[in-house]
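Note that the chains are named A, B, C, D and E in the order they appear, and that numbering of residues resets to 1 at the start of each chain.
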Amino acid sequence: MTQERKTFVAWLQAAPMMLVFALFFLLPLLFVTIVSAWDYNEYEMIPAFSLRGYSDTFEGCIADLPNLCTILKTYLKTLKLCLLTWVLTLLIGFTVAYFLAFHVRSKTWQIVLTLLCTIPFWTSNVIRMIAWIPLLGRNGLVNRGLEGAGLIHQPLEWLLFSEFSVVLALVHLFTFFMVVPIFNSMIRIDRRLIEAAYDAGATGWQTLVNIIIPLAKPGIVIGSIFVITIVMGDFVTIGVMGGQQIASAGKIIEARLNALQFPAAAANAVILLGITILIISALTRVVDIRKEL
Amino acid sequence: MTTTAAALELVQLTKMYGGITAVDAINLKIPAGSYCCLLGPSGCGKTSTLRMVAGHEAVSSGDILVGPKNVTNLPPADRSTAMMFQSYALFPHLSVIDNVGFALKMKGVAKSARHAEASKLLELVDMQPYAARLPGQLSGGQQQRVALARALITSPQILLLDEPLSALDPFLRLRMRAELKKLQRELGLTFIHVTHGQDEAMALADIVVLMNGGRIEQQGSPRDIFNHPRTEFTAKFIGGHNVIALNHETFAVRVDRLMLKRPTETVAGPSVTGTISEVEYQGTYVRVVIAVDDGPEISAQVTETQFDAANYTVGERVRATWDPTQASLLKTASSATIRSPERAA
Amino acid sequence: MTTTAAALELVQLTKMYGGITAVDAINLKIPAGSYCCLLGPSGCGKTSTLRMVAGHEAVSSGDILVGPKNVTNLPPADRSTAMMFQSYALFPHLSVIDNVGFALKMKGVAKSARHAEASKLLELVDMQPYAARLPGQLSGGQQQRVALARALITSPQILLLDEPLSALDPFLRLRMRAELKKLQRELGLTFIHVTHGQDEAMALADIVVLMNGGRIEQQGSPRDIFNHPRTEFTAKFIGGHNVIALNHETFAVRVDRLMLKRPTETVAGPSVTGTISEVEYQGTYVRVVIAVDDGPEISAQVTETQFDAANYTVGERVRATWDPTQASLLKTASSATIRSPERAA
Amino acid sequence: RSADAKVLRYLGTAVNEGDEISKKCLADTGIKIEYITATTDDVTKRVITQPNSFDVLDTEYFSLKKLVPSGNIFALDAKKIKEFDNITPVFTKGQLPNGKKIGDQGTAPWKVLYLEGANSKTFSKTPTEFVTLIPTVYNADTLGIRPDLIKRPISSWTELLNPEFKGKASILNIPSIGIMDAAMVVEASGQHTYADKGNMTKAEIDLTMKIMTEAKKAGQFRAFWKDFNESVNLMASGETVIQSMWSPAVTKVRSMGIACTFQPLKEGYRSWASGFCVSKAVSGPKLDWAYEFVNWYLSGWAGAYLNRQGYYSAVLSTAKANMTADEWGYWMEGKAAVGDIKAPDGTILEKAGATRDGGSYDERMGAVACWNAVMDENDYMVRKWNEFIAA
Amino acid sequence: MGEKRPRSFYLLAAFFTAYVLFLYGPMFAIYILSFQGPDGGLTFPMNGVSLVWFGKVFSGSGIVDIGAAFKRSLQLGLVVMVCTVVLSVSAGMAFRRSFRGATFLFYVAIASLIMPSIITSLGIALEFRLLDDFIIKSGVGDWTTAMGLFTSGLGAHLTWTLPFGLLIMFAIFNRFDNRLEEAARDLGATPWQTFRHVVLPIILPSVVGIGLFGFTLSWDELARSSQTIGSVNTLPLDLQGLTTTVTKPDIYALGTLTSAVSFLVIFLALVVILVLQARQRRHGSDAGKGMV
């Protein structure tokens, strides 16, 4: 096949997805971007150019120095949660994927165990979220258990409605998003490479660092993209598990939106989009996942 | 390189894949510091044996001893062996030099030192100019040379090589062959080298182990095997022999010991008659294949001068004769064919 | 099988990988129905050339003609070629028989018919008992035989084979070699067969194309090349020759034409003197390597009888002499070494 | 859709949607109500973004300030509402049936009840025939407490920020409502008196948020809640002992056997009200069904049903006709129950002899201090709220 | 190695078990609480033990018809699943070659992932409003809306599942052996045949994985649906809508039922697979295939 024809076929193959994105993402994004540059008052949006949505967002960022303004504080907090969640999901997800890919040797069992991990997600998150309170609350199962075991005398307050519970819930929700791509990268690794590494005297740990991690990198990057992007925009989990007391980039947008301040919400969304894209392109600079295809 | 060689002993070593016996209770003792070639047809269990020794394949039953130590259940790294893989198994994400230097990196050798050492080995396999490339950018033979260099860099007591030379061109093969032998002698290591090139085995080995259908067919020094094949299989596999059945006995006669005569000429020793079915020009000699009447084909190796003088043509009838003292009497015909593992099982 | 052969013509065919020229503007005409062997050292561009012909690698510049048709930009399926891959490329999810029958399945041949046809080819490569296995359960050589069968099942005008025999044991190699030649003759197809075994090329080819560093070094019939190497490279690669520089001229002398004398004996023709550095037992003959004083090593092939009579030992001084009419004068020494692609670029 | 099936798509929160109501409506009028259930925030957003996806809307008065300018809802014709004139004067005049004026801080319903014209986007100060929302339910909210855990009388909004309840207090995380609760506290503690708690100046917003932020930083709040269950769970599990709450949530906690009081406070209640309107996309026969439905709703059965849940209904007279005297006495007049008080589904809510928290309708509605609101400085307030959350 | 498991296996298996327990942690609370007595609430303690809440799920009474919402979500989830698989695999194939706009599409997919779901939802709603207005203006009588489960709803869900699908495809095609496709093409397979008979079977398990992933994402989707679903809600939306009022353990019963049915289906599938494998082992000699 000639190069042009190949390219054309590739183009055709990508077209349906492109079309969906064009219709349901790019066009709406365009509207949102336009709206983000509209003016608005307390009650409605005004179709006139204004950067108020943006400037209001950064209100006090210079005036408050050296203190951080709301948006910076919020982003720092979001990034902190994001980083914690990322590290934990990566560690747990990698280990789980490793187990599935290298220790569970039959395809059937790999599928069964994967499904086992999927089933909880088929019960709606709305329901699962409610179930954390009887578990982690002041009089929840965990505290009662610990008290019963004589480990604590006062219930642990930080189990619920804290950064701990937020990160716990995020890890709970998104570790599987790490497992899937890392697992898929790992099963492509030729077993003989691992044998060769052992043979060269590499310890299990060295094999992991020198062979498996580099070869699973695309999966790691993809999983990281999943987790980072979702956590950056999350407001539901952070809201519920943080007792609505923890700020996040997503929550700012949600609050604006619920107050029907669309231009301000849109402006915040555009900012969030920009920042997250920056993080992701930094990540893909480290590993060009498209080169590894 | 300060390691010493170790002897290898296999005791009733068996490998089954599901119901198929790939290696069938073999016993083998290889003295420390010797060069052993595992020779045999495709699928006879050479790779399986080697992989069990290396520790990459679980043993179904039997034992493996490296020196006095039973290593049957040890991990690869604790066996004092190193292996070069048949399919190269190069690390796709590492450059050629990093592939070669990998084992040193694992030992914690500093970068400059391990690059220096790796460069030396790349030089040896003539791959110095490709040091910075990734395996995916190499030709088949080039990949194999890198794999060889990578295996050579560890200094194990036993080096296991799975067809290390098969994808090399003749230049390199000869050169690597000599280098391998030299290395083995210098280091005094035990080498186990899988090949199906009988010439390679002849040139390199102190001990040739000829396998067939998961069992050992014959073992001994190259010269011993070549001059005294005990079975039809050995005679055929080792090459350069014709197996001729005459008077209810079977003999192995070397192709270069076979003399061709016109049917009209008189012959002294034993002889068979047939029709020339093929004439193959082989450079220094000509191979003449003769379809023996009521028998299998045999071939004779005739020097070019002789051939040009006689000028045999395909379809001509000839008589092949030999000196009876030069023929080996073969054992029972039961082992005359290549046993497929299934049948062996 | 009703296809006919087609001629193949390469015009200024070039392949660059990034800045590296792997194939350097080669011109080649192969008549329809001939058996052509691409011969050359590892990395000289054989696989790249073959892959361009098959249509798996984009041509950097130049043209490929199959018969009268310029196929340079056609997809593989429209080129009337079929290829057997160097690294087998067996479909891991299909059984052996389904791998072989794949092409027929694509054509919509019914299952029973294609299994019958595939079985025939498996028989040919001696893999019938393995029909139901998956490729991962085969040994290296077994995989290669399946790949060969798979390539043979299509009935193309030109069959491209990348080292089809390299992983086979000698038994099979000889058998497959004969089968390949027979097949080619029967079908009247054009075969392009990549190898670096000069013996294989000699035995099979109508035309041998010797490549070096992306260029064609010499081409012609096997006998022509063997008897009249034009360059030092050819002489060395084709094997069986010593390249000896004498009086500012370079000659190629066949190893079996070299006669060894004790330094005390008188010699008539040209001669060089040196020390025996190696004696290799080779079955039907003995290879004696001589380190020529102030020159490279040369080797002589001595029959076992002769050798046993003279009983040369390593370290002994000998004189090697030859009949001047049996030596070929070589062209400029510029091509005396293997060109690495880098240097060729 | 077949033409004879009378179907109305009813968008609202689950609070006001009752299975029994739709069944009864179908039986009485032949109109099939298809509930579209969403959270309060989503209901509002859907009105703006998908006006075509519903027919009848059930929403709160205070959101009208945002919905009316969108032009997506339809002003109803008062003349077509049979019981319009019987709607409690709380809505139409801002006074109790006995004539007593009630608090008008915030977005009191009577301020946004009328439009100037059918397609107008401005509210009329005087009655017109163009009605924005036909009232359905309303109530007066206060703090819920756990008397068993507090063990002392609570009588003021200031208790919400009392350090005694550090880590055990909660408010509603809807900025416009949360800040009103905060304002009740500020005013009760004498730190500031607002001209209109429902329409603060920037300075007032700053002050209120500052007090709240200090409390938050001091760890006063266990959590903020956003939906019904969160508030129930917080209370029932003892995570909080004092928090802003909804009446049915208190009932729910109590029904779980846990002591919980909807505590009347001396500073009064924060009130809310919701009602019906119609999407502007509705026309023709569908509009007629919509009127038919609204008229049915006001005709008594539904009112009684709502009253039995602890809410108040719009047309008291028709509701009363559909309730027993004992029920009416318990729910509306603050009398002790003579027999057991049952919920609409028949389960026993209160034993005989119980009285309702906060007393009679007149007592409660008469003590309304302010109404849920959208401020003029809403934008500023939301920004400050975000700041508060980030603090 | 091989038949005897190394110690690391047991360590990792323990870790995996711990992870699964962690995953199921809140689920256990749900399973237990779904057996609450008729007066029980959403939290401990249990107020008696009964099956009434399971009955409630089936009776379909209540403000929202959970059964109908369940069915809608299931339908939507399946359609999303199919679309996700088809479009992702197709685009994944495209990405193995370079084509104009590849980088653009890649970043669009990422952006679609990042964009806060509510904003995307809002944008789509806005778009459909314009479309509706346009249709009404162009004089289609009795037009209500183009929005719906399988128009705007489907689109919104796809903007969520497709980026996942595409990126997982990257992991799947990571170092996929091109020679297999070359070999197939060489044997006369058309590009479609190459895909159908070589590429697809090899990547099939992972593709099934993408399908599951897509379904799960769609099944649990909330924010993107909220403004785009039209007049009928998906299950999560209905459940969320219910949270504004007294929520009863019947939603827990729903969770328990979902899990129970899933376990049953998977268990049956496992039995079927194992039986098939055993049969195959008896018939063909694909020995040694089992625990590789």
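Assorted remarks:
Basically, a residue touches a chain if its C-beta (ideal position, glycine included) is under 8 Å from a C-beta of that chain, and two chains touch if they have at least 3 such contacts.
These numbers come from a predicted model, not from an experiment.
Under the contact definition, subunit A and subunit D share the contacting chains E. When C-beta pairs in contact are tallied for each pair of chains, A-E comes out on top. For the pair subunit B and subunit D, the distance between C-alpha centroids works out to 90 Å. If you average the Cα atoms of subunit A and of subunit B, the two centres end up 56 Å apart. The multi-chain contact residues of subunit C, meaning those touching 2 or more other chains, are 55, 75-76, 87, 137. Under the contact definition stated at the top, the residues of subunit A that touch 2 or more other chains are 130, 133-134, 137, 140, 215, 257, 262. Along subunit D, residues 45, 229-230, 233, 237 each make contact with two or more other chains.
Those residues of subunit B lying in contact with subunit C across their complex are 17, 40-43, 46-48, 86-87, 129, 137-142, 144-145, 163, 166-172, 178, 196-199, 202-203, 222-223, 226, 236-240, 254-256, 278, 280-285, 301, 303, 338, 340, 342. The residues of subunit A lying in touch with subunit E in their complex are 6-7, 9-14, 16-18, 20-21, 23-29, 31-32, 35, 92, 95-96, 98-100, 103, 105-108, 110-128, 130-135, 137, 140-141, 172, 175-177, 180-182, 184-185, 187-188, 204, 215, 218-219, 222, 225-226, 229-230, 232-233, 235-236, 250, 253-254, 257, 262, 265-266, 269, 272-273, 276-277, 280, 289-290, 292-293. Contact residues on subunit D toward subunit E in their complex (touch as defined above): 9, 11, 13-15, 17-19, 34-40, 42, 45-46, 49-54, 227-230, 232-233, 236-237, 248, 252, 255-257, 281, 347. Within the complex formed with subunit C, the subunit E residues making contact are 177, 179-180, 182-190, 193, 197-198, 201-202, 284-289, 292.
Across the complex, subunit A meets subunit B through its residues 190, 192-193, 195-203, 206, 210-211, 214-215.
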